[in-house]
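Letters A, B, C and D mark the chains as written, and numbering starts fresh at 1 in each.
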Amino acid sequence: MNVAVVFDGVLAAGLVWAAAGALLGRDRYRAVILFIVFGLLMTLAWVRLSAPDIALAEAAIGAGLTGALLLDALGGTTAATAGRARRWMVLPLAVTVAAVLAAVLRALPVRSGPLPDAVSAALPESGVTHPVTAVLLNFRGYDTLLEVAVLLAALLGVLGAVRHAEPVRLASAPVLQAAARVLVPLMMLAAGYLLWAGAHRPGGAFQAAAVLAAAAVLLALVGMISGWGRPSLRLRCAIAAGPLLFLAIAAPLAGRAALLVLPPQHAGLLILLIEAGLTLSLGFLLAGLFLALLRSDPVDTGKR
Amino acid sequence: MLEFASTALMLLGAGFFFAGTVGLLRFPDVYSRLHALTKADNLGVGCIALALALQADGLASALKLLLIWPLALLASAAVSYAIAERAHALGTPLGDAGADDPP
Amino acid sequence: MSELAAAVALFLLLNLAAALVVVARGPGAADRMLAALLFGTTGVAVLMLSAFVLAQSPVVDVALVLALLAAIAGIAFARRAWQATGHDDA
Amino acid sequence: MSATLLYALTGCALFALGLGATVLVTEPLRRVLAFNVMGSGAFLVFVGLAQRAGVSDPVPQAMVLTGIVVAVAATALALALIRRLERDDDDAR
């Protein structure tokens, strides 16, 4: 018990320290790498909060996508764009805000809301046995549908802001390609497993899609696939397929009592269908966020 | 017997991680720090995975734990190659603390 | 056994704190990245141990995903971010 | 103090740090990191607060899950906008 208390204390201190270092230090490499480390600590914190679904998503997105995005940007932006910083003012402001928030938070009454009981009561009707998946795909399915729309908008924004004359392809790295040839099939397998596992244990479309996207990021990094210039028609269809499938399933249900309430007798199958479509589309979508932003190799590569 | 092996492996794994951290703090250049790091990767994770696989409640969960080891090996091999190659390409010299930094 | 695993997990977390110091201190960009990679693998070990201590088998999946994707940040650093200056004071 | 409350309080600290840095630090890349830290803080408060009584609550967990995916999309969009700004600055020069 005591070990757990010390563990939580060290982890909480590490989180705050890593975040402060990432935001307040002067060196940009230090900032980005501390932020990657911060993501890993967040993964551990989610495990401690008994939220393995979030831990899975944080691990997959942090290690596979956010880190690569930021490191790629780090090589491209120069220190010249840095404005004059008022860093010394950040800490006093942060301490004040945190103190107020903490005071409010401690004043709140401790009791659990009605939601956990409501979810477990409705779980047998949902078609799956894992409560988080039931919430995501059944009870609050419209959240998930609209979230995909948000991601689609973000990708369109990225494609609009960054225009490449032609797709970027990094120099090929034969040794790393050999590693990628082993890792990528395993990532596909892991994505399939997570998708399947989502019905009865932590996992699901988001985590599976993040792992798929990470596979694409790896392939691009070792020079096996190109970045995106203008996505081809086939790619656009693949991205649209998941949300369209979701809509196609949602449309006939529109007349029922609430939005997107799945009929209990078919819910399990429908959820699996929706999740499979979403995994594919979200995988392309998330990969596209990186592949569209991929910079061409700088002139100064340091190669001799 | 199983209990004892598990305990020993767990402590050994912790020792490898400790050695890796000390190496990272004390070794003089990027290449030797890379060397220290990969020891922790390869052996630390391996020992812990093996120790927990011995305690696992089924074959499937034991195999899943043991799968983590080769993955860690592969990742560390690929990354240390990539970083060492880049360090070499940038002309990082041997045996000099923080050599990739201009003073 | 569970107490020992918890103690080892705490020890590894303290190791992580030491690695965090290396990330913050450097000196070079590569040293920071190496510390982050050590952070990743130690994190995998902490997750495996937590899965055992908390008796939560899904946490092993988290460790598996982390191990599977561990190479990406390191390769991205070496191929995309690390440049001749390696350091700046922005 | 329960562990979940500790994480909720940590979330407050992270949110405040992120807020301060988003407002006061002008370097674009740093601002992207700052709003991500702010988001992580909010997620911790959300889940930590909901589970203070010790019962795991799937509803905030599901929402945070979607939040994390949206955060990475927002990060990518912000990086794209930074790139565009830099290029426009170069063109103007």
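Just so we're on the same page, contacts are C-beta pairs under 8 Å (C-beta built on N, C-alpha and C of every residue); 3 or more make two chains touch, one makes a residue touch a chain.
All values reported here derive from a predicted model rather than from experimental measurement.
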item: Two chains joined by the most C-beta pairs in contact, as defined above; value: A-D
item: Euclidean distance of C-alpha centroids - chain A vs chain C, Å; value: 19
item: Euclidean distance of C-alpha centroids - chain B vs chain C, Å; value: 10
item: Residues within chain B bordering two or more other chains; value: 71, 74-75, 78, 82, 86, 90
item: Touching two or more other chains - residues of chain C; value: 19, 26, 29, 33, 35, 57, 61, 64, 68, 70-71, 75, 77, 79, 82-84, 86-87, 90
item: Residues of chain A engaged with two or more neighbouring chains; value: 4, 28, 32, 48, 50, 74, 82, 173, 176, 179, 183, 186, 302
item: Every chain pair in contact, whichever chains are involved; value: A-B, A-C, A-D, B-C
item: Residues of chain C that touch chain A when the two form their complex; value: 3, 6-7, 9-10, 13-14, 16-17, 19-20, 23-24, 26, 29, 32-33, 35-36, 39-40, 43, 46-47, 50, 54, 56-59, 61-62, 64-66, 68-73, 75-77, 79-84, 86-90
item: List of chain A residues in touch with chain B within their complex; value: 173, 175-176, 179-180, 182-183, 186, 301-304
item: Chain B residues within the chain A interface of the complex; value: 71, 74-75, 77-78, 81-82, 86, 89-91
item: Residue ranges of chain A in contact with chain C within the complex; value: 3-4, 6-7, 10-11, 14, 17-18, 21, 25-30, 32-34, 36-37, 40-41, 43-44, 47-48, 50, 52, 55-56, 59-60, 63-64, 67-68, 71-72, 74-75, 79, 82, 170, 173, 176, 179, 183, 186-187, 190, 194, 197, 201-203, 207, 211, 214, 217-218, 221-222, 295, 298, 300, 302
item: Residue numbers on chain A that touch chain D, as the complex places them; value: 4-5, 8-9, 12, 15-16, 19-20, 22-24, 28, 31-32, 35, 38, 42, 45-46, 48-51, 53-54, 57-58, 61, 65-66, 69-70, 73-74, 76-78, 81-87, 89-91, 93-98, 101-102, 105-106, 108, 110-113, 115-116, 119, 131-132, 134-136, 140, 143-144, 147, 150-151, 154-155, 157-158, 161-162, 206, 210, 282, 286, 289-290, 292-293
